[in-house]
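Two complexes, one shared chain (chain A), two partners (chain B, chain C).
Our next item is the complex of A and B:
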């Protein structure tokens, strides 16, 4: 043992490109200097508040970093740092609204969140009543109906379209691909108008959860199709060829080999589709009717949904109703976040296939 | 002996009945999408055609939307001129704000960020894309608008000499500028992810060639990635533009609908076709509903055209890379 240890020197892994703490000192110093200077400038001039600080700090640190790099290295290196600091600012600007939206929804929504809202409807309460009265049970039930029905309509359509694009690859597939792409760009309000003009105006059917689900399914199909397609493309051709070589028909190969292999990805596709439509508001304004009472029949009679509940609360505009809207948004956001997390958990891991 | 030999199977390319059925069903489902898209256009046009006939070209140029009903006969002096221009203005503002932010973020994620920051930001951007639009609407109204009004006032005070930031009256609430900002936040995810996709297709050999010639990151991006990805970024921007055209509730909350074309982006008056449809829907009579469906048809064709162009551009770039 000792012999071997003496003979073989295990080299410590070194990372020569990593900056040593000493090398970091100047850039950290520049950062602190920029912070201090920006603070001083904001204090000394009429610029006030966080915006003023941001407007001073960002150019200041950019210029200081540039000068530092100019002193220590070449002009090209300084340019690189200059551009990079723009990029960091830009990504901060992407991060900021997301954080703000999450924080606002949670803080404002929590004030009105209590158990009673899940067991009551607005049938006997007004939106301007205190939050203790009434609740969003009818809207939650309506949203669940909408989700279930649109899944039933759009999942077969979406997945079979994806199978057409990846398995059949018929002469029309490039065209269908484009059609799916175009459908994903259809504004949500148009989907609602379409169902209104094609079904409600033309037939004796009235606004109901089913009509809402028709409109939402139009928006959901492209998401399901494109996500499923991405997964199906990843299934190696070996699997398909193996199925066919064993004498299976193409139908059997797809049903017993390709689809089971892509199962988790297809589930992700469905979840992403549901997340896409769970919060859609605009189409529901035309085809759902909107009601304050619980309607347990999804096929007839006006129904409600969380987005409509929020919308109504917002439009009334009084503190109590706005509080209801925020709480509704929080419930909706929790629903979306659950779906979002589920999609990540079920999602195809890299290098699985 | 001979009777135990199996009979040779007939070799044929004719598909079996189960396959014929399978192919038939799947193909017909593929074409249902085409049917849906055609039906959307057809039904909106069918309902709106009367309005197009009555109003003629002035439907696109008139700024007023007045429907009067006298003894059962409806006559209207209606047009979506102001709404169309307003939609374009808000969408362009959104694009001008979102494009640089998205492209820079995409470059940062692809070439500068350490892995953990990249993973984190991809989650953030996916999450932004998953937020319901009504959430952006409420947040825009209650959180962004008070600040954005103040920013608009500052812009007007210090850059008012620039024609873009002039206003006749200092009224900054619910302006196209604020609607544009909300839309910008909403289209950042799609523009960023398309740009990222395009940039990541940049040929590796050219990237490595640039590095081996002594380029640093920015020189490499300037000489390899940007020329390669420019088209794709334009396509992504147009996809974002298409989204911005069709957005409804988020714009409704932060835009003051006024039936006159307003070019002053900081002034609190604007137009938007989708919000206009939602606004008028509640009290619309029979003729007005048709007019709104006609407006919907115009919006549909507009977004379809933009998406078509965007798709062409993005696909040509991505194919080139592979």
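Our next item is the complex of A and C:
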């Protein structure tokens, strides 16, 4: 056997596995046919509106694509198309409401978005006043306090619990695991009622941002714990053994090897925890006070939060107040987006696990 | 590189019958000739996982400054045994143990012993290279200082870093990128990084649990060279599936076997003897490639 080493031209790179536009024509034609047919059926029958169209179109295109594949290719290929079609429908069904919520919030919220709302409170204005008067500064500050305090309370508790469950696996682990799972199912209003009855009614302490954070922490701890646990379980045992084999105590191994290796995942756990509580309204109803003025002290005095502001706006139900609520939702969305981006940018640069 | 490649080829052609020549070619070290390192002695070691007895009555004496290879088919208990020698065995929740392991004539399983100090003296290199992913190459090597809370002045740490990497045969390849992450190295380099990491806490004994089984022949060769160099200053115990490797690197060889029940030590002796005239028929069968 000899090696042929003639000079050869390097061929142009191509992707033979990708369909050419010409090859796509039949399936695009079927798609258009399905659209037209579905339109005709909706016209001819009592089915009405977008939902009716969707209900007709999805089965129609699934069947037509299946038949097309059946004619052009094998039965296996047709089955593949059939199942893929269901996947597309399912992901579309999930995507649609999300996109719809986002689009509605942005379009409705933008109408009331102006600089003045970030510098004013509702102390001297009424919810039914035009949007130019008053603002949501007090609620924005209140929400930032709530998120910060909840993170300060929940993150150490949640991560330490997760470390106890995955690293120490000490006595009571199974019971604690059960409690954590049960806690993640607690209705959020119960968390607020608990803080109200156990702290505010039972002690001289009054409603404040701190009380609100207590209520939110009850909801956040299980989320942080469970997500951290899932990350810590993925850290290979090899690393723990390597640390211990170097003469480290378990605490040193966890602090210097396990937690740094899981850092990126633990940040995700914190983000998911914040996402869990940022929009909670029900637990805040009894424990925050719900003032309309700015209170810069998170530890005493009534305070507010964006969810409460939004809730009040919708509750009053007049066009001006509803506009305030939509803008409040948009501001909350932007705030959460900024927090998550910051966590990713300032957190560890690269996730290795 | 070419020369190395040819050398590897001849190594791979080595037949079991010529193992004896390999073993003989390597000078036999007399126990106790190396002043550094400590002796380790296992006495009547038994190990269980739950109710399952995995290792039965193993007694072995590792003289200071020697390399001992533990060979045997899979499931014969050699990895379990090596993990009893620095008390890593106890991290498996269902594990149990009986017997004694004497380090400088003191039982490491004695209740008065601080187990972290034991592991500081008896280092370990694992089957899969496991550098710490959150640390750079330099930090990995020196990680033992922080992990074991040793007091080594910053001024000495640079020398220690260089010394360990030189001894592990990795210095020339990484000296310009000590700040790179350990994960950027090849598998063989990672394993030598792990060896360097073990050396940084200055163990007297180094346990190696199949350190080359995940590596290519070139990296294996480098690690074997490293072992040969280290053996002048410390006691090394290596588990290996590769009999050529045992013949090449070790002074003594211990053969483990399980007949379906617990693993047992069948025979131990100077490596050349195990590969030329083993006393036990089962050892003979194994080293000549008739089974396993």
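As a convention for this text, the second predicted complex is superposed on the first by the 259 of 353 C-alpha atoms of A that agree within 3 Å, B and C clash if a C-alpha of one lies under 4 Å from a C-alpha of the other, contacts with A are read in each partner's own complex, and residues count from 1 in each chain.
Definition applied: a contact is a pair of C-beta atoms (placed from the backbone, for glycine too) under 8 Å apart; a residue touches a chain by one contact, two chains touch by 3 or more.
Predicted model only: the values in this text are computed from it and were never measured.
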item	value
Touched partner set for A:239, first chain B, second chain C, both or neither	second
Chain B or chain C, by number of chain A residues touched	B
Which superposed partner A:260 touches (first chain B, second chain C, both, neither)	second
Which superposed partner A:173 touches (first chain B, second chain C, both, neither)	first
First (chain B), second (chain C), both or neither touched by A:275	first
Which of chain B and chain C A:39 touches, first, second, both or neither	neither
Contacts of A:249 with chain B and chain C, given as first, second, both or neither	both
First (chain B), second (chain C), both or neither touched by A:188	first
First, second, both or neither for A:130, with chain B first and chain C second	neither
Set of chain A residues, in rising order, touched by both chain B and chain C	249, 252
Interfacial residue positions of chain B with respect to chain A in the complex	15-16, 18-19, 21-23, 25-27, 29-34, 36-37, 39-40, 43-44, 46-47, 100-102, 104-105, 107-109, 112-113, 121, 124-128, 130-139, 141-144, 147, 150-151, 185, 188, 192, 216-219, 239, 242-243, 245-249, 253, 274, 277-278, 281, 292-293, 296, 299-300, 303-304, 306-308, 311
Chain A - residues contacting chain B, complex	51, 76-77, 79-80, 83-84, 86-91, 93-95, 97-98, 100-101, 104-105, 108, 156-157, 160-161, 163-165, 167-168, 170, 172-173, 175-176, 178-191, 193-194, 197-198, 201, 218, 221, 225, 249-252, 254, 275-276, 278-282, 285-286, 307, 310-311, 314, 322, 325-326, 329, 332-333, 336, 339-340
Chain A-touching residues of chain C, taken from the complex the two chains share	86, 88, 91, 93, 116-120, 123-124, 126, 128, 130, 132-135, 143-144, 146-149, 183, 194, 197-198, 201
Interfacial residue positions of chain A with respect to chain C in the complex	169, 236, 238-249, 252-253, 256-257, 260-261, 263, 352-353
